[in-house]
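Multiple structures follow.
Okay, so chain A shows up in both of these, paired with chain B first and chain C after.
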Partner chain A sequence: MSALTLTLKSAPRQRVDLSPLSAAPELTPAEVAALQVWAGKRRYRIDELFEIEGEDTRNLVLRGDCRKFDYVGRDARDLSLTVAGSVGAYAGMGMRSGTLHVQGDADIFAACELRGGLVRIDGSAGDFVGAALPGDKRGMRGGIVLVKGDVGARCGDQLRRGIVLVEGDAGDWCGSRLIAGTVAVMGRVGKHPGYGLRRGTLLLWQRPESIPPTYGDCGVHTLGFLPLWFAGLRRLDSRFADPANAFDRVHRYGGDLAAVGRGEILIRAG
Partner chain B sequence: MLIKLKGGTVYDPAHGIDGQVRDLYVQDGRIVEPPPGARVDREYDLSGKIVMAGAIDMHTHIGGGKVNIARVMLPEDHRADPQYHTERLRSGCGHAAPSTWTTGYRYAEMGFTTAFEPAVLPVNARQAHMEMGDIPILDKGGYAMLGSDDFLLRMLRDGADQKAVNDYVAWTLNATQCIGIKVVNPGGISAFKFNQRALDLDERHEYYGVTPRQILKTLATAVHELGVPHPLHVHGCNLGVPGNVETTLKTITGIEGLPLHLTHIQFHSYGTEGDFKFSSGAARIAEAVNANPNVTVDVGQVLFGQTVTASGDNMRQHANAGHAHPKKWVCMDIECDAGCGVVPFKYRDRNFVNALQWAIGLEIFLLVDDPWRVFLTTDHPNGAPFTSYPHLIRLLMDRTFRNEQLSRLHPEAQKMTTLASIEREYSLYEIAIMTRAGAARLVGLEDRGHLGPGAAADITVYTPDDDVERMFAKPTYVFKDGELVVKDGEIVHVTWGTTHTVKPDYDRAIERSLTDYFDRYLTMKLDNFIISDEEIAEDGRGSVTVHPCGGRG
Partner chain C sequence: MEINGVHIDDTFAEAFPMKATRAIITAQNLEWAYHSARAMTGFATSVIACGCEAGIERELSPEETPDGRPGVAVLLFAMGGKGLAKQLETRAGQCVLTSPTSALFAGIDGGKPIPLGKNLRFFGDGFQISKQIGGKRYWRIPVMDGEFLAEETTGMVDAVGGGNFLILAESQPQALAACEAAVAAMKRVPNVVMPFPGGVVRSGSKVGSKYKALNASTNDAFCPTLKGVTRTQLSPEIESVMEIVIDGLTKEDIEKAMRAGIEAVCRLGAGAGIRRISAGNYGGKLGPFHFHLREIMA
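Right, the complex of A and B next:
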């Protein structure tokens, strides 16, 4: 069976909430076509917005300029969704399992409150990757987010479990209020990394401009778990899977002592 | 236009009608005697249907500062429960703290036509009325909150005479467009700001030297002497504290026969027996209520699930903040004259305390003999959102269902309650008393809550169902002031209700001392504080209905 391909007819003027599409695995192609989505104050059928081809509703492909489409893959289970281009805000929000592959950029709150599965963004992502929604107390709770480009500010804010991998640079407040879990950044990070971090790990390839004063310098260590952790990423199509980029020697900073203080920033050493 | 409601089975306790087949006639928004020879314009065949007056919720937090704080603090409550707009209805959202429009729709869809906000802070009264002004279909009203305000506490400290307090209370009712007076943790909200963390009935306020007993007595006397129909509405001391049953019993006896309404009494009926030092005081409370005809209560039933507790009682909310779920809460001062606390909470049936709270509420419902003196509330949203009323009614009317629910609770809690042995089941007539006739009488609405000629045509029609929860959740018809607003549980027409108030007389001399006080201490001038009728009516939807006070001074 070929993937169900949705090709955008013309870019809508209002933002569109595409979350109903996450029900696709339980529906027939005709039912997917009949799903109703909100755009501003109007409701549209999916087939009013997209040309639909193919029949496998477990594999969805979105084509066209989807930057105004929000909540793509929200709360999805066992859905494989590919966006051949850029996507709007809240992509992969609350996803339970399956994959979301964005071949362009993602807007703010990508993979926020993710629970499982893999969200892969080939371009860059906006602020609050893997974070909690405003007002909520827990961000991402499981799964893996891989961003090949850069991410904005507050990456992994209140992250509870799971891994955020950033091949490019991260903005300010990276790993802020992180509860547990891991945020790994290969590029540079902005100001205030690990602000209010409670437990969990911020793993950095490059030393930030400054380490927050509420972190204690624990010296340089060789950590046995790091090779195991890298080995766990081998199957990803990513620079994180390349053994050349792995290491086990790190400079460890414990903190944030202004919060619970049982977390750490690990910076690649030597 | 003359409407005939033909052949329904009518439950109208105000007139002693218990399930008799009757015709009702409605003209110009009122129920009328059958006009001889007049032509009926519209007839509804209600044979086999149950007809009651529109239901009245006499204690529900639907407007004002703390509800808005709850809305702001709980975006997840709104995200999880969106209501999309339709041709007829506006969009809205919210489960525990719904938006104003949604509040009106959901109440009406359950056959409710009137609701009272029980904690209108005088300084925030305008905000409360503006919010309630956006609640469609329902009639509404508020109880003005006194008892921790600096002006009254100064009066009591300085030994002001009862007459002066009466004038201040009457002035407050007039200025805030309210229908009753509420007191929350008397003196305690103020004492909290002087670093007291508890204030029992006879404990002195550290700064003013006044006790809660004094405050209650003075205010209950004022309300009584002014002839305000609704007795002093009391949220007592020590809410939620194990052992507070003693305080509540002392409050009942201490009021010395004055009319008193004890609200969400479930939260004030806890003993300290058993392994967990937490037990039911329901039997003792019910006995005291049965023995004191001056006392009325509403229950504040707890039902399981996520909700939010919003109260003026900053002292108790601060003490309970550690139980917040999700972990966030607000306790704040309001205009240096009151306070509030908003703590989201999840009641769990597998939790011993929560399970016993559930049982205590039901025990009170079932052990208080007189349905005219016990009222159906969940203290929305504190015990549960108002949308769970049909479920609560089923718990009261269906013993098998009740015991089946009970059997799922925390086993230790089951051992601590006599609920399983209580055989009483509420009848439709008794439900009609507690949600209609009794509530209207308690608040002082002479033309609501009954179906006699002259009453406002707020009428709810149900189709009998073995599952009364389903029956009460989806009325077949709801008429508001004679207009059909709900059909088969769905809104078909949106109308606007009135705001019920009382305006007792008072000596204008009180305004002189108030003007000085406002100029010296408060954030606004006296003239800006007073809410005029025009402010409520100026949008063309609202109106003010004044109910008579029989002065006893």
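Right, the complex of A and C next:
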């Protein structure tokens, strides 16, 4: 069966909540075509917005300029969703399982409150990747987010479990208020990394401009879990999967001592 | 049945159901993995008094271990799940956690999960860190040489304990040489351990005793120095009997190990003083697993 391909007819004027599309694996192509989505105060059928081809409703492809489409893949289960371009905000929010592959950029709150599966963004992502929604107390609770470009501020804010991988740079407040889990950044990070971090790990390839004063220098160590952690990423199509980028020797800073203080910033050493 | 002049008795070994688990110990080098594994599987020859039976199953190359370091696989067997879990935890805590550079991983993915690092983590006094990698949880416990890494659980499966065979020889050195050959061959069989010292038992037991406090005592029928004063099973030329006990994850594993061991003994043959192969059983009352020597060697 070929993937169910939705090609955008024309870019909508208003932002569109595309979350109903997450039910696709349980529907027939005709039922997917009849799904209704909101754009401002108007409701559209999916086939009013997209040309639809293919049969496999577990395997969706979105084509066209989808930057005004929010909540793509929201709460999805067992759905393989590819966006051949960029998407709007809240992409992959609360996703349970499956994959969301954005071949362009993603707007704010990508993979926020993710529960499982893989969210891969080939371009860059906005602020609050893997974070909690405003007012909520827990961000991502499982799964992996891979961003091949850069991410904005507050990446992994209140992340509870799971892994956020950033091949590019991260903005300010990276890993802020981390509850547990891991945020790994290959590029540079902005100001205040690990602010308010309770538990969990902020793994950095490059030393930040400054380490927050509420972190204690624990020295340089060889940590046995790191080879295992990197081995767990080998199946990803990512620089994180390349053994040449793996390491087990790190400079460890424990903190944030202004919060619970059981977390750490690990910076590649040697 | 006779193989290379060695008589194979028409009898069977009697084994019983056990619970088993496997743990993988890695370290900076094989020597330190062995230090830890030997300590963990020490004093674990018989459930009669040790709480569990355990042994080193085999060496693991860095490619075979979760963390890419050299390691060894150990198997532990006990009569019940609770006892096994307690023994595993106690031994892991005292023998692996304490051993420099060691790490501890599950060796069985299926079965019922039992704690491996799950409770050892509390040694970290709140500084322990959990990491979920590939759907499994690991604990990083800060220790004085760095960090002790332990997987949260390992799998417990049904297993078989007490497979055995007896080597009857013309002299003690000949019996021991045959046992050494057998154990060397059996160590190449996966999923089994021979839990006694060097894999060999010289004090085979029978059920019961004249002393009320004891539930097992020397197997006088196979003691060569008692040939003239008890209902012996030994002919005049037999001067020494040694036993190899095998615990395995399945009946088939024990059969393979017994066959490999008996073949190795028979290769030495009557010329090396080996006269008979026999087996220990209790008339079928002890356990449901019967290993008939002649069927195994057919």
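By definition in this document, the second predicted complex is superposed on the first by the 270 of 270 C-alpha atoms of A that agree within 3 Å, B and C clash if a C-alpha of one lies under 4 Å from a C-alpha of the other, contacts with A are read in each partner's own complex, and residues count from 1 in each chain.
The rule we apply is simple: contacts are C-beta pairs under 8 Å (C-beta built on N, C-alpha and C of every residue); 3 or more make two chains touch, one makes a residue touch a chain.
Note that this is a predicted model, so its numbers are computed, not measured.
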Q) Taking chain A as the common reference for superposition, should the pair chain B and chain C be classed as clashing or as fitting? A) fit
**Q.** If touched residues of chain A are counted for chain B and for chain C, the larger one
**A.** C
Q: Kindly classify A:Trp38 by the partners it touches after superposition: chain B alone (first), chain C alone (second), both, or neither?
A: first
**Q.** chain A as apex of chain B and chain C, Cα-centre angle in degrees (nearest 10)
**A.** 100
Q.
In the overlaid three-chain picture, which partner chain does A:Leu133 touch, first (chain B) or second (chain C), both, or neither?
A. first
Q.
Which partner chains sit in contact with A:Glu264 here, chain B, chain C, both or neither? Use first/second/both/neither.
A. second
Q. What is the contact status of A:Gly224 with respect to chain B (first) and chain C (second): first, second, both, or neither?
A. second
Q: Pick out the closest CA atoms of chain B and chain C after fitting on chain A and give their distance in Å.
A: 22
Q: For chain A, give the residues common to its interface with chain B and its interface with chain C.
A: none
Q) Which residues of chain C touch chain A in their complex? A) 66-68, 103, 126-127, 129-134, 138, 140, 146-147, 149
Q: Write out the stretch or stretches of chain B touching chain A in their complex.
A: 73-76, 79, 84-85, 326-328
Q. Which bits of chain A are touching chain B when the two form their complex?
A. 38, 41, 133-137
Q. Within the complex, which stretch of chain A touches chain C?
A. 161-162, 180, 182, 199, 201, 221-225, 227-229, 231-232, 262, 264
